[in-house]
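Listed after this line are the structures, all set down as structure tokens.
Each of the next two complexes has chain A plus one other chain: chain B in the first, chain C in the second.
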Partner chain A sequence: MDDSASTATVGDTPAPSFIGERLERWVETHLRYIMLAPAVLILAALTLFPTFYMFTLSFQKFNPAVDVPNEWVGLGNFARLLTDEKFHNALGNTLFFTGAAVGIEFVLGLSFALLVDKYIRRLNFIKTILMLPMMLPPVAVAITWKLIYQPQFGVLNDFLFRLGLPTGVWTSGADSAMWAIIFVDIWEWTPFIFLMMLAGIASLPEEPYEAADLDGASAWQKFRDLTWPFLRPVVTIALLLRLMDALRLFDQVFILTRGGPASVTETLSLYIFRVALRFQDIGYAAAMSLFVLFSTIVLSTWFIRRMQMDDSKA
Partner chain B sequence: MTDTTPATPLDPLAPLGKIKEFNPTRQRIKKWLVFAVIGFALFYTLFPVYWLFLNSFKTRLDMFATPAIWLLDAPTLYNYVQTFVERPFLRFMFNSLVVAVGTTILALVFGTMAGFALARFDYPGRAKYHVSFWILSTRMMPPIVTIIPLFLFFAFVNLLNTKTALVIAYTGFNLPFVIWMMKGYFQELPRELEESAMVDGDTRLGAFIRVLIPLARPGLAATAIFTLILSWNEFLFALIITETQTSNTLPIGIAGRITQYKTEWGEISAAGFASCIPIIIFAFIVQKHLVRGLSFGAVKG
Partner chain C sequence: MKRLLSLVGTLVLSAGLAGTALADLTVAVPNGSEGDGLRAAAVDYSKLKGVKIEIVQAPYSNLFERAATAASTRSGVFDIVLMDDPWIPFFAENGFLVELGPFFKGIGTDGPDNDFLSKSVALCRNPYNTGPYICLPYVGNAQLFFYDPEQYASVGFPDGPRTWDDVLTASTELTGDGSSRKYGYTMRAAEGNPVVADFMPIFWSFGATLFDADRKVSLQTPEALQAVKMFLALAKVAPPGVESFGADEVGTAIAQGSAYSAINWPNWVATFEDPAQSRVVGKIANVKMPDGTSAGSSEIGHWTMGISIDSKNKQEAFDFMVWATSAEQVKISALRGNPPVRFSVFTDTELTSQEQYRHYPTLMQAINFSTPRPRHPQWPEIENAFGRELSAAVAGRISAEEALDRSQKAIEAIIAR
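Right after this comes the complex of A and B.
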């Protein structure tokens, strides 16, 4: 804003050296672009180029393992999306996982934050411990839960057995495998929602609550009419970040179940990985990736819009 | 807020609302409930980490024991010796470290520059707004989308199975994060600081290097630690790009010890716990910045 004023100041200053003077002045006047350029170029090379390349690949049949030239197949790869039952299965699993995991994390995280807010605000130590699960390497997390879920000697079955409750096969059961993975995600990410909500609650203004108290508002009324509207921006950010992350789930599934048993836990990322790497069917993998990219954009835009619409209504 | 006639606090007989009533028994019950819930949350969070830790010190016999052993009276270092002496996990750890440090340096240099530019300069039209959000959106992209073309690209330029390829890719993954974090930290520093330096004859670039960077040091340190953690933890990309001992990172090494036929539980526990140690230390170093870092600087925690 006052940038032009400051460059003017620089122009007035006597130049300190002789050879570098013109270069220095050039750098100074173009500084805004020079500082931004490297990052923008790197990001463009690592995101725009792949996306574009992916786009062209998605119209081809391309298998790097066999020595035949790429063949243009038009919309063939996209047509396959409509009939590929494995793809539909992976899509359904991903959406189910995302909905269940993020939904439960949100309810737990928000309730916990509302409950303990005043008691924990200054206890950074406790907050840091709660944050450990999401910072630890996902592979280590998956290993940990593999140990816990292990049917013969895992601690979960041991614990249930001691309590006289029925034990289970968890990650290898068709009904329980997806929930086992959801549970790991809840363990990892509920603290994230909790801490985001805690930060949001800490920045709530006090006056409206005092006024509400004077009016004799109930706890629920205060939550609905004050806390929730004030928290909404933080809620949007927290849920959006979780949504993006849940939709790309890969590491934990790869270690815990490899998509099994019988692909009940196969996620989109895992299926694309398999099609591209195992079956070397790059064109089809590209078409699926584009679908994922497109739906991620649509979903996040829809979500942001919705949260903003609620905002204007309130 | 259904009541339309607010009670005036000046009237001593006016009802002050339900909340003002003080009920010591209820307060005490709530307090104990809260402590119980916090205690349970801490136990629930820490127990799995403890279980990994415990199992990494168990002999094979203790590990398969039923009922399971919850407290160990004869810990063994066998798993750690197997992992780090007999198998190349020290090498994997070194690879992870090199990749994480390389990524952090590159991402921090370019990200700080861009963060400064977006925090301080004006651009024609709404370019600044669009560039900022484009940068953020690249982070939202599912990695599986970019990985296949990058794999083909790295194969083309002969960089498959190299740490260089990982550093390049991770720099791209981390740049949006570094840019947004540093943009936030710079925006919090008053402009007068650089302006007074420039009045004293410094150039804008000089003021950035000599005045702003030192002041933003806590933010830089926190951002660096987050970048280190993200690179240290990354799995999918390393899985696709690397398959040799000289380039495999720690997570890949660990995953490689799990096969369908045989899983060396003790070894992967030891390697897994070892991979957690630096993260646990880092988490306590950056605790004040954690919420901010995890929300891309959107929530100041």
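Right after this comes the complex of A and C.
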């Protein structure tokens, strides 16, 4: 029975006006949308509009001058990607960094997780210590490592010098700079992989392992045939998040090397930043950003499908 | 319904509170003494004139990006921008700066008074030294050559270095095999602005120029090659790792006594003479740039104030700029650590009699014989391209000849685009 209909027949209190009643009913019916609208509008303003604007800019030559319209260049900015050596260099650096950093982080993170789970399961203190680097702001991490790597007054060289070992130029050397940045990333983000893997390992069922023990399976066989297949969904998520994050590396490079020396550490994000804001060549920067966006989407989609196919085969 | 009304009410209240925070003038300045000086001046001006001034400070490397983005989006968010002088062509030639001529006429003059150094005022005209005024100079920087006279005397240069050959000879001797971790010379060789800023005085001292009289790139010359070779020779006697050094690393190396000579900005004098930060108090001399095959010339690096074309308070902005660059205020700014731009302040005996201002005569001479960076609206991109190749040469990845050839092509491509 409809309550509102029954109260309307009482007639002791004055009935609300027709428009007021309809408005109130409309608000009640649509309240969920009204409450969501600000968030959706803000999201649209902050993501959809910039993406659309970037898309349109990528077909134009941006002219910063007052009252000079942008020039429509069609696919010109995208064609420029094919011949721009600095872009190729930044792309190569980004891919090298991503492959090396995420690969090493994954191996270390998984190894630590297996070790901690097997031997020091109850030592929460160790887990907390291992997670600390991830909790620090990336800028603070980069500044700290900049001081550590400083060739003349840095802690690292001072330590090596006191031990009688050869010192290095770390972020200043053309051969060592990229590895110095990769090391910082490994130091900061291995705990993330570790945490994900540890959570995954903790949720594994015990029965299959008991059965494997009864069958006399070795540790490697248990890892290969039980742990790895069970962990695969967690591995997919962890690697995907790290890959997407590594592909847009900016803070560490900006603070530690600014892309030098000899551009050996210039990543795509840093190059796009320079082209857009320093050189005010915003159309070309938009084209590069779109390239990175679509590449990341394609890579992520391929990666997820590949893992799903492996799962279905297993 | 009540929930909806309260939401609207909250938004209206927030907008009202935000509105009360609006200032009469908004000024973009860099971090450091230049920005701090103008911030303090703005507080004084607000008390004096009742004008509310908001100072927005940003690190040097981000200030250009912020100001350029604000200008190109026509937001008018900044009324005044405190600009490094190489940025002037970008802002001026894209029409982002107000011409100051009519405002000067309003106060009965044609331009800045004669007390300003002529080189300082020349920067604020676009085209350089001939066009209309588009800014006012506020901080008078020009690079100085810093060296330790005691160390240079110990290797046969009791009067200090006169030429870059002297610097190289002395530095080679002082550095030795590097085992002492003390170096005769240090430099900024980090990619981009730092390496170019350190290289240009050497470049000019060998008679080279980036653009010839026809505004064509002129890097493939014997003079330019000689300059790059000298720069690379100096890098070999500098501390390991200069490939990532900026002004801070160079200044610190001098202040800690681990390097004995370098090019740097005059604001480092205060650090060298501060016992809390320096191990070389009273030991570091500063002189004009050494000569090469031509007379040595410092790179000028002034901070100048310009009014945004989109400012809604142009007259108020001009009034503040004139007040802040008056002789009285420039002296106060000097006391706050900013080198002046006026002859009367450079020669003020109240200042020059004090230890921390003893470099003023040298600095004024350096400004008077300085050279501006090439005035081109695409200078940030040109500087980046040139700096990239110089950095690669210092890192030993390419030769001096390759650095110049590649720079020539890269800069030509930038200009042609």
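Just so we're on the same page, the second predicted complex is superposed on the first by the 265 of 314 C-alpha atoms of A that agree within 3 Å, B and C clash if a C-alpha of one lies under 4 Å from a C-alpha of the other, contacts with A are read in each partner's own complex, and residues count from 1 in each chain.
The criterion applied here is as follows: a residue touches a chain if its C-beta (ideal position, glycine included) is under 8 Å from a C-beta of that chain, and two chains touch if they have at least 3 such contacts.
Keep in mind it's a predicted model, so treat the numbers as computed, not measured.
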| item | value |
| --- | --- |
| First, second, both or neither for A:215, with chain B first and chain C second | first |
| Partner chain(s) touched by A:65 [first = chain B, second = chain C, both, neither] | second |
| Partner chain(s) touched by A:259 [first = chain B, second = chain C, both, neither] | second |
| Which of chain B and chain C A:225 touches, first, second, both or neither | first |
| Touching partner for A:304 - first (chain B), second (chain C), both, neither | neither |
| Chain B versus chain C as contact partner of A:75, first or second or both or neither | neither |
| Chain B or chain C, by number of chain A residues touched | B |
| First, second, both or neither for A:278, with chain B first and chain C second | second |
| Touched partner set for A:27, first chain B, second chain C, both or neither | both |
| Which of chain B and chain C A:174 touches, first, second, both or neither | second |
| Footprint overlap on chain A, where chain B in one structure and chain C in the other make contact | 24, 27, 31, 38, 64, 150, 152-153, 277, 282 |
| Chain A contact footprint on chain B (complex, rising order) | 1-3, 6-7, 9, 15-20, 31, 33-35, 37-38, 41-42, 44-46, 48-49, 51-52, 55, 63-68, 70, 110-111, 113-114, 116-118, 120-123, 131, 135, 138, 140-150, 152-153, 168-169, 171-172, 175-176, 179, 191, 194-195, 198-199, 201, 203-205, 229, 232-233, 235-236, 239-240, 250-251, 254-255, 258, 265, 268-269, 272-273, 275-276, 279-280, 282-284, 287-288, 290-291, 294-296, 298-301 |
| Interface residues, chain C side, partner chain A - complex | 1, 3-4, 7, 64-65, 68-69, 71-72, 74, 90, 93-96, 181, 189-192, 239-245, 249, 252-253, 256, 258, 309, 378, 380-381, 384, 388, 391-392, 394-398 |
| Residues of chain A that touch chain B when the two form their complex | 1-3, 6-7, 9-10, 13-14, 16, 24, 27-28, 31-32, 35-36, 38-40, 42-43, 45-47, 49-51, 53-54, 57, 64, 112, 115-116, 119-120, 124-141, 143-148, 150, 152-155, 158, 161-162, 187, 191-192, 195-196, 198-200, 203, 211-219, 221, 225, 234, 237-238, 241, 244, 247-248, 250-251, 254-255, 268-269, 272-273, 276-277, 282, 285-286, 289-290, 292-293, 296, 300 |
| Chain C contact footprint on chain A (complex, rising order) | 23-24, 27, 31, 34, 38, 62, 64-67, 86, 150-153, 167, 169-174, 177, 257-263, 274, 277-282 |
